[in-house]
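In what follows, structures are represented as structure tokens.
Shared between the two complexes below is chain A, which pairs with chain B and chain C, respectively.
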Partner chain A sequence: MTATTERETATAGAPAPAPAIEAVSVSRWYGNVVAVNDVSFALGPGITGLLGPNGAGKSTLLHMLAGFLAPSAGSVRMFGETIWKNEALYRRIGLVPEREAIYPFLTGYEFVLLSARLHKLPDPEAAAARAIRIVDMGSAQDRAAAGYSKGMKQRIKIAAAIVHDPEVLLLDEPFNGADPRQRLHMMDMLREMAAAGRTIVFSSHILEEVERLAENVLVVVSGRLAASGDFRQIRKLMTDRPHTFTIRSSDDRRLASALVSDTAVFGVELGSDRLTVRAADFAAFAHAVAKVARGAGVSLFEVLPTDESLESVFSYLVKR
Partner chain B sequence: MPLLSTRELSKRYPGVTALDGLSIELEPGVIGLVGANGAGKSTLLKILLGLLAPTSGEATLLGYDVRRQGPELRQFVGYMPEHDCLPNDVSATEFVAHMAQINGLPRAAARERTAETLRHVGLFEERYREIRGYSTGMKQRVKLAQALVHDPRVMLLDEPTNGLDPAGREDMLDLVRRTGNEFGIAIIMASHLLGEIERVCDHLVVIDAGRLLRSAAIGEFTQRTQVLAVEIEGDAGPLAGRLAASGLRVKMEEHTVLIGIEAGQTPYDAIRDTVADLGLGLVRLEQRRQNLEDLFRTPEREDADVAAG
Partner chain C sequence: MNRAIVELTARQLLGQRRSLLLVVFALIPVGIALLYRFEGQQPNHVQWTANVLGARLIVGTLLPIAAVIFGTAALGSEFEDGTAVYLLSKPLSRSRVVLSKLLVAWLATGALVLASVLVAGAIAIRDIPDQGVLLGFAVAVAAGSLAYCSVFVLLSILTSRALITGLIYVFIWEGLMTALFSGTKVLSIRQYTIGVAKWLTTTSERTFAARLDGPEALALMVVMSILATWLAVRALARWEIGESG
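== the complex of A and B ==
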């Protein structure tokens, strides 16, 4: 199933500028192995999370978006142009690969400067200094990368990828090896870049983080696009999965009997200290619960949706 | 007897202090170990295994002095390293049985324990195949099995979910929890992911720059705060306005209205009635909890980071 994002529908009518990234029926196979299978989507500015089980084709897809890999069929477009063998577009993309693609004998500064020179920037020194400042690596920039921790290597790789101030930033598992503080810092950094109008795509296995960072997700399962868009909207389209809430109140039994007679509710279970309610229509239940509780004279202490997280959306998509 | 006790434990490398007078005492349980990169987690694990001598201070694990009783201690300890450490050209059965024998089990017992342990970690037909063809998830299971095969009293796990996808992570966390609860084996688990520590562990130890920052039951890190969060479908503005007008302290955060509770106030019915009057959809109503992450919201300390080798 595919959910269309609000952004896509909003821009469809206007004489819209071409989307930052667009995949049109993209496939990639290696011999008989199909890594990516007929995938289409369009992305604009903001942060998009790329999710999927190991081996689903996430890295292959990111490499095709970056112009590193030719699609076997279909095309990847960036700002309306095909990206494969289109060197002018490379200046507008930054890629942070998953592997430790960093020379251990260079200092952090030298590594970022090398990237600035490869892009033939007019003032590579200033660009390198700026990128290093953004990732907050100034105090360690003159030490050899061999002595860096995983989190520091990750930040220097990001600095090298943003040295030419690209409009599109692609990151493959950027949080790997980062400690809690580094994770928070990196999230803030990506949010700022997105707020400045950049298009950011990152892959991750840590669903809690994707949920907090990305307004949009792309879910790849076995090489196919299982869903794309705002995961909350995707969840609402899964009408075959009931929405579950737990409720704590001043009188669970009384509230249970009142809720059962509401048409939005089709299952109520009375637990020892809470009530579990199943509803077919999320919005209808949300609108009913306060009114029903007031009508029954019951105080609501806690209402929690238990089935709306990215984690449950993801597990539904992967299992089907 | 405490599971683990350290007193003024220090480890200095030339130019770097990995542990700096660390004193902790821990009772058996499932214990999470968190700290910045380079805070000294791996050094602590190596000292506890009796593989690395501290520069000064003392440490005992299960009552054994790690400095002098390493060999005795290690028969009761299982260790799952973070890095890839498995041989490629043997099967999981051969490897785990070999590790069991190294740990002192006779050949027949080693074979039986290996079969049981591999079943426990969820490896079945594939256990007779060479490890080289295993997925990341299967390799992590083998690493856990070799730490468990000799029935240790404590297991040290270094980032057990590293490289796993969401389903693999879920399985591994479930295994860790079951191993701790059903077998009663104490577990010390190092991880960067606070969410998974919160799910699995009952106690958390935070080290920072080689020193103890905090050691307490998980519940103490996630106590309820005096803030109610009300999430609404659609615009939260009107709700915030009405509640503020009725004298409550409110703040808006996207679709959520945060309400500060003063002593003696019970704004629950006011919230319920305002939501009902305005005809809003109530998505969530809960008392906010402290977040494990708040521990790390202090200003960036690059010097701690720099110490990682």
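== the complex of A and C ==
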């Protein structure tokens, strides 16, 4: 399934501006292994979460967006220009890679200053100071990066990526290693950037991170775009899927016959020591099961949802 | 050239432990020159300085080892530790990146080997006329450093095992093959360097001989350096990041 989210607005009569990021039928393979398969989308200002389980192809896709991988087929464009082998576009892009590596002999300030100098900014010192202030790393800026915690490295990497105030910011698993306070601070910072009209794309395999930050989402599973668009709609798709529960009770047979008549339930299987129930709606069943059991005079010992892992949610989306 | 990259690379190269080992390694020709001086058996100091100290110890061993270490580390260490992405995600032409890295590798290699040539050579040659041997080797190792470094910078972009590959090249190709087969001299930076050194001396063929004529050696060295640098720029423009999900 592919879908397109076009959030650019064209003024009447004028040609529509090129989307900040556009992927058209992009595929990438390594020998016989397909890492990204025929993915298309267009993104404008705001925060987009690139969501998928580990190994789904998120980093491959992000690296193609950043111009560090050539698509095997299709094209990736930024502001209407091909990103691959187009160094000039990096004036408008900031990239925060997943790897922790920072030059260990540089201080945090020197690292951000290096980025400002490589961008040939007119006042690199002021730009570095501003970026460090934004990520709240002023107190540690003069320490060697080798001694930074994982979360501090993430923040100083973000400072280096935003030192030139880019229009597009790409972040690969930016919240890895950040503590809850740092995570909240980084989220606030990204929201402010998005509110200022920046296009932000970040990858994550954690649903809650994407839920809290992204208004737009691209779900990647096994290299394919499983879903894309408004996060709330995709969340509803995820929640409304069939759910399977295992139940242990004082009388499984009596509970099974009571549950069959409930509208939230569409399948019941009686096992030797437990009951397997398939329900259409997670919340409706969670409310109904206790009431039904009480009505039937059965005591519930255990009610377990069996397929709530992110992988099972994703594979449901792919099968749809 | 980009000043920020030059400064960064200089700190990278000079801060690594390998560089300290190289300084110790560069002192070996000096130590051998001291032993030679105190032994005092050889009748022809110019001949010994050119053939043993210059061609064999410095051009044959110190120069390629220093070049392979500095040349492969200048850019290769950034691919290895994942920091290359910070340079390559900037609006900088790939030629600037390659030339800046190459400049630092060349200066580091050249300075180290040049110092070894001048100090060890001065000790060995004593106070007799050196027939241009010191100047010849000084210029030759400076040019040879550039040729070697350009090849090793290229190698560091092409393979993640640049250091090992470079050492194999130095010992198998430059050390063994060119010694066994004279036809390989046109593809040997070692022979180019000796050719240039011989060209700048006034020694006789009996005292110090080279397999390549001076102009031929210099021309091949220039072609090799330009070709390797051009290929390095092309390879860097096509460089792709490693994959991890």
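Definition applied: the second predicted complex is superposed on the first by the 219 of 320 C-alpha atoms of A that agree within 3 Å, B and C clash if a C-alpha of one lies under 4 Å from a C-alpha of the other, contacts with A are read in each partner's own complex, and residues count from 1 in each chain.
Assume contacts are C-beta pairs under 8 Å (C-beta built on N, C-alpha and C of every residue); 3 or more make two chains touch, one makes a residue touch a chain.
Remember, it's a predicted structure, so these values are computed and weren't measured experimentally.
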First (chain B), second (chain C), both or neither: which does A:264 touch?
neither
Looking at the overlay, what does A:54 touch: chain B (first), chain C (second), both, or neither?
both
For A:63 in the superposed arrangement: first (chain B), second (chain C), both or neither?
second
Pick one for A:201: touches chain B only (first), chain C only (second), both, or neither.
neither
Return first, second, both or neither, reflecting whether A:304 touches chain B, chain C, both chains, or no partner chain.
first
Partner chain(s) touched by A:131 [first = chain B, second = chain C, both, neither]
neither
By the touch definition at the top of the document, which applies to A:291: first (chain B), second (chain C), both, or neither?
first
On chain A, what residues does chain B touch that chain C touches as well?
54-55
For chain A, which residues count as touching chain C in their complex?
30, 35, 54-60, 63, 66-70, 85, 87-91, 93-95, 97-103, 105-106, 114-115, 117-120, 160
Which bits of chain B are touching chain A when the two form their complex?
34-39, 135-137, 163-169, 192-195, 233, 268-269, 271-273, 275-276, 279-287, 293, 295-298, 300-303, 305-306, 308-309
Quick one: in the complex, what on chain C touches chain A?
2-5, 8, 11-12, 15, 81-83, 85-94, 237-238, 240-241, 243-245
Residue set of chain A touching chain B in the complex reads 51-55, 136, 139-140, 143, 147-152, 177-185, 205-208, 283, 286-287, 289-291, 293-294, 299-305, 311, 314-315, 318
